[in-house]
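These are the structures, in structure tokens.
In the two assemblies presented below, subunit A is common to both, partnered first by subunit B and then by subunit C.
Let's look at the complex of A and B:
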């Protein structure tokens, strides 16, 4: 609409106004907000974002019973207690195992399926896509009971495998849709050229397509990792043995104790946060580009 | 290395080319693992939920188990005030959460999409709660809302709220308290998705609008917002379903209390099956929740114009 008006209005002022040369103007108007309009709301929002983080650091680092607002004198006693007495060391190992296994399984299975969806036309494709979309609306939390019975049947209760499978299954649909969109963005002609050069399909995929998928795969894989690292209900339901539990379950145990040990809870929370924060810092750049490439609209 | 090998190879005979042409079974082989996993661990459980919804099924009371017809459903709609309470709370929770998350997420995305000093750091910090789990969010806000040592005490010093009141155990404050905790983690999700979509707005449009002298607000209204429309509709709907289904945060933060005022329908179902072991009734409740969600997914498919384009 605006552009139409622009063409109509342009002739009048254009010759009269000796416009300053474009390059001198660093930012276009849409990017010309007065600085305070950026920093003020951003600052307020940052306070809201960061105070909770600061608060948990404070409780984790200051001695029990202290009311000081700075974590000084600093102590690591809460971390030691949580790591050994409350078995967070074991939980951490379990969570890493679940996270990494889910990442690998999700990425591999979704890559195969996503390739089929992106490159082939086959009979059940539409039905399969519909199933993928519909499964977005099937809440894992509501399937706890039947899932529990399936894993009991498979003798997998109290084995990390049950949680890994459950996490993978519920990660798959979205991952597959995203990956198939990423693959669609890679021109088919590139692959065909590789075939002409003598590659078979597998090799052409590995040499030509896979390197181009890297940002997308990083986004999908880290998504799967963070999700399974954070997720709580499956582990709570399927793992009764304390030796097998994961970090979110451990945190919940700390929280639901009769008298909550706030220092231990805070230290446990930080142990839970560190890996995702590291992953997040590493992938943030890819996340924006990865999502905009595979964007929801596909 | 692989690339070098590919180049070094002599041109393949035509047979090779034939081998690369679509083998009929390949796509089926490729989707087989995903399809099998989803059949076994999504489709089958869903069907068994439908089956159990017509049964009396309680492992702790095996003598009463058996076919129940529609008894469970009759009970839901006629004798279970908790169902209606939890449904109403679910709706309230979803609309308030998603509405506010969208509003703040959009604003945040527009701000960090500008060019300014410290943008990278600003983005990283503002988005960081996105990666934090529901349970950890609960842990953090339990510390913040603690009546003795929490931030609420310092707010009371400044005249906001009363001393010694635990916001999470008071029926009048628990809703806003839980909403704020979930916003803390939910706003970055919207901001990230909207920011990603903002990257694809054509700069030419803004330049044209600028020549025309359109104000920044007009540019936002006529260019940015229409461009974001699809992404906003889709992420909003996805998020609604997610907020409806997700029980991690409320389960650990309030446990559905105090006095059940923060019990969503899925939380009620989880309690019915996990604590009361009333699997038959929980399955019927789940079926009802499915129907509600199915309605949402049809709206979703309609809006996303599924299958309309390739």
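Let's look at the complex of A and C:
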């Protein structure tokens, strides 16, 4: 890069005029409110939110038949039962596989599609964006039979691949829109500068744009993971082998037509919730940034 | 297009892209190796060997017992391998319907009377009369259960499902609370109402009864109505008009719905069986109407000595009237390419030994006559009382029209919200029953027309 050197001596700086006193910054109204006015409503809200979780924990940890309001004496028998007898160990592995594969595929394809939407103009771009948005209005249940027929034709019924593809396809529209908005926020001149320095488009994207997309990628990836982790319908319909089923389908089988083992159901619920809670605990900062930044432009 | 620079990709970049693409393809290929389990032959008898797939219509709680029966079967038939798939009862119908439309039905499936009409109407099931006639099971299964399944099967007088068990409505009551309050056993409707009132102490969060206001409320309300009115047939003598809105039934429903909030928790408005059973098992509620299926849950929660499960109370003149509970059974799907092996499995699963084992675990009334004489029945009091009530002539059963393809829609989605209105007092019992009757009469007329 060429820089222009100074050829003349710089004039001596004039003595700085005293700065006028700044008006005192007004504290926002919420900051002046007594603390209890903030913490009390939040505390009440938290109690309402946490009571159902406590209830699940209570049923999962106390022995069957106990009516105690504290999980004591504590038992892990319900967890052992669902993990081994009710095959939740296998369901968990399958759900992890489906979740991670959906996350990877959704992120990769959304990245490519989002880049194209952000950086290129093409004739049917607006119609394409509209179609992406409209695809969100179609419930998965409506497409079950056609999807089932397609996967049957491809010999993919009873394969986790069918669920991964279906989940990815349903995640893509929103993910692509989010990623494209993120990429639009990255100044185009940064890429151009990288090209001038000798990068091709792919390298410029990888070196300059990709690191700036981290919040967006985390938001899209985690959303894809959590959605596929919790999604029930495709796994129920496309998987026939007990060894290939996922956690939501397994949870559903804990309630029979006229009998329900509440301890096992609660233990299964905790097993299903823990990965989602962990994912959110780690990524919540990025998730909020990701969704708010990605939602700025349409 | 804004700009496009065609440069050379670096070798590293190409390798990364290729690795990602290859990884994705391999991952999908690896997960796509499964057998589709369709059994998609064209109804062939097969060799009587090889693999068959069995879909359990009440998977989960019964998975263990089915796995035991399958293990016994595979031991006795080493050439046949049964693949078990447990499906939650709430999702079974939609899964089978999707498989009927898209392909991929199993060889054998659990088929209860309540869903038989729909599957038979779609031509998904193989008639079993001939196979049963030639089988060692012939004459060994409960005739009433066979007739119930035959009647539910779609009007062609064919049997599409071999019965495994019958369920029955049970009135569970807390013996400890009754003793404490000095109340007599609720064997009549009058005693039932008296106990419901006396056991209620809202301030102390104690209630006499828990009513089912959410999913599944209609069957329970019908049971209470017919039980009190003493009407023993769902249709009048012409067979074209239902008796649900008979003035006696209207009066009975008014009285029954009047229990809501008076002697029941207000939350009962949204009670499905799970919530209803859970609050009965963990609270202080005097009585609960459910079926035999939840007996083991109550034993686990309360212990066998703190409650009893008896048949529904008797009505006027000491007569007991109950509505029918759907008989459960096993059917053979038409698309099976290994029907011989599939039938062997059905025969084995409904044999005396397997049927006894299954029903002991489920707490239901066995379909096999020899299994019904087994020792365990005497020990499971509600099952014994239900079996006696169903066979000793003391009880009249009102057969619900499971054969109507619209029955499930009418008795669930369309009328459960209206029943909630009745409980809340926003709709009168007469208005509700007149509406229900109109829908039923229409469905019956359509049915008659289709059947010629």
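Just so it is clear, the second predicted complex is superposed on the first by the 261 of 298 C-alpha atoms of A that agree within 3 Å, B and C clash if a C-alpha of one lies under 4 Å from a C-alpha of the other, contacts with A are read in each partner's own complex, and residues count from 1 in each chain.
The criterion applied here is as follows: a residue touches a chain if its C-beta (ideal position, glycine included) is under 8 Å from a C-beta of that chain, and two chains touch if they have at least 3 such contacts.
Computed from a predicted structure; not experimentally measured.
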Fit or clash between subunit C and subunit B when superposed on subunit A: clash
Which of subunit B and subunit C A:161 touches, first, second, both or neither: second
First, second, both or neither for A:142, with subunit B first and subunit C second: first
First, second, both or neither for A:200, with subunit B first and subunit C second: both
Which of subunit B and subunit C A:266 touches, first, second, both or neither: first
Which superposed partner A:80 touches (first subunit B, second subunit C, both, neither): neither
Per-residue touch tally on subunit A - higher for subunit B or for subunit C: B
Subunit B versus subunit C as contact partner of A:120, first or second or both or neither: both
Touched partner set for A:229, first subunit B, second subunit C, both or neither: first
Which of subunit B and subunit C A:176 touches, first, second, both or neither: first
Clash with subunit B, by subunit C stretch, listed 41-49, 185-193, 221-229 or 275-283: 275-283
Subunit A residues contacted in one complex by subunit B, in the other by subunit C: 67, 119-120, 122, 144-145, 149, 165, 195, 199-201, 203, 206, 237, 252, 254-256, 260, 262
Subunit B partner contacts - residues on subunit A that touch it in the complex: 1-3, 5-6, 9-10, 27-33, 35, 38-39, 41-42, 45-46, 48-53, 55-56, 59, 67, 109-110, 112-113, 115-117, 119-120, 122, 124-126, 128-131, 133-147, 149-150, 165-166, 168-170, 172-173, 176, 194-201, 203-204, 206-207, 226, 229-233, 237, 248, 251-252, 254-256, 260, 262, 265-266, 268-269, 272-273, 276-277, 279-281, 284, 287-289, 291-292, 295-297
Complex contact set, residues of subunit C against subunit A: 1-10, 13, 17, 20, 24, 27-38, 53, 55, 58-64, 83-91, 95, 98-99, 101-104, 106, 167, 273-274, 277-278, 282, 290-294, 296-297, 300-303
Residue ranges of subunit A touching subunit C (in the complex, touch as defined): 64-65, 67, 85-86, 97, 101, 104-105, 108, 119-122, 144-145, 148-149, 152, 154-162, 164-165, 188, 192, 195, 199-203, 206, 236-237, 240-242, 244, 249, 252-262
Complex interface listing, subunit B residues touching subunit A: 2-3, 6-7, 9-12, 16-17, 19-20, 22, 26-28, 30-31, 33-35, 37-38, 40-42, 44-46, 48-49, 52, 104, 107-108, 111-112, 114-116, 122-136, 138-144, 146, 149, 151, 184, 192-193, 195-197, 199-200, 203, 205-212, 214, 216, 218-220, 222-224, 230-231, 234-235, 238, 241, 244-248, 251-252, 255, 266, 269-270, 273-274, 279, 282-283, 286, 289-290, 293-294, 296-297, 300-301, 304, 306-307
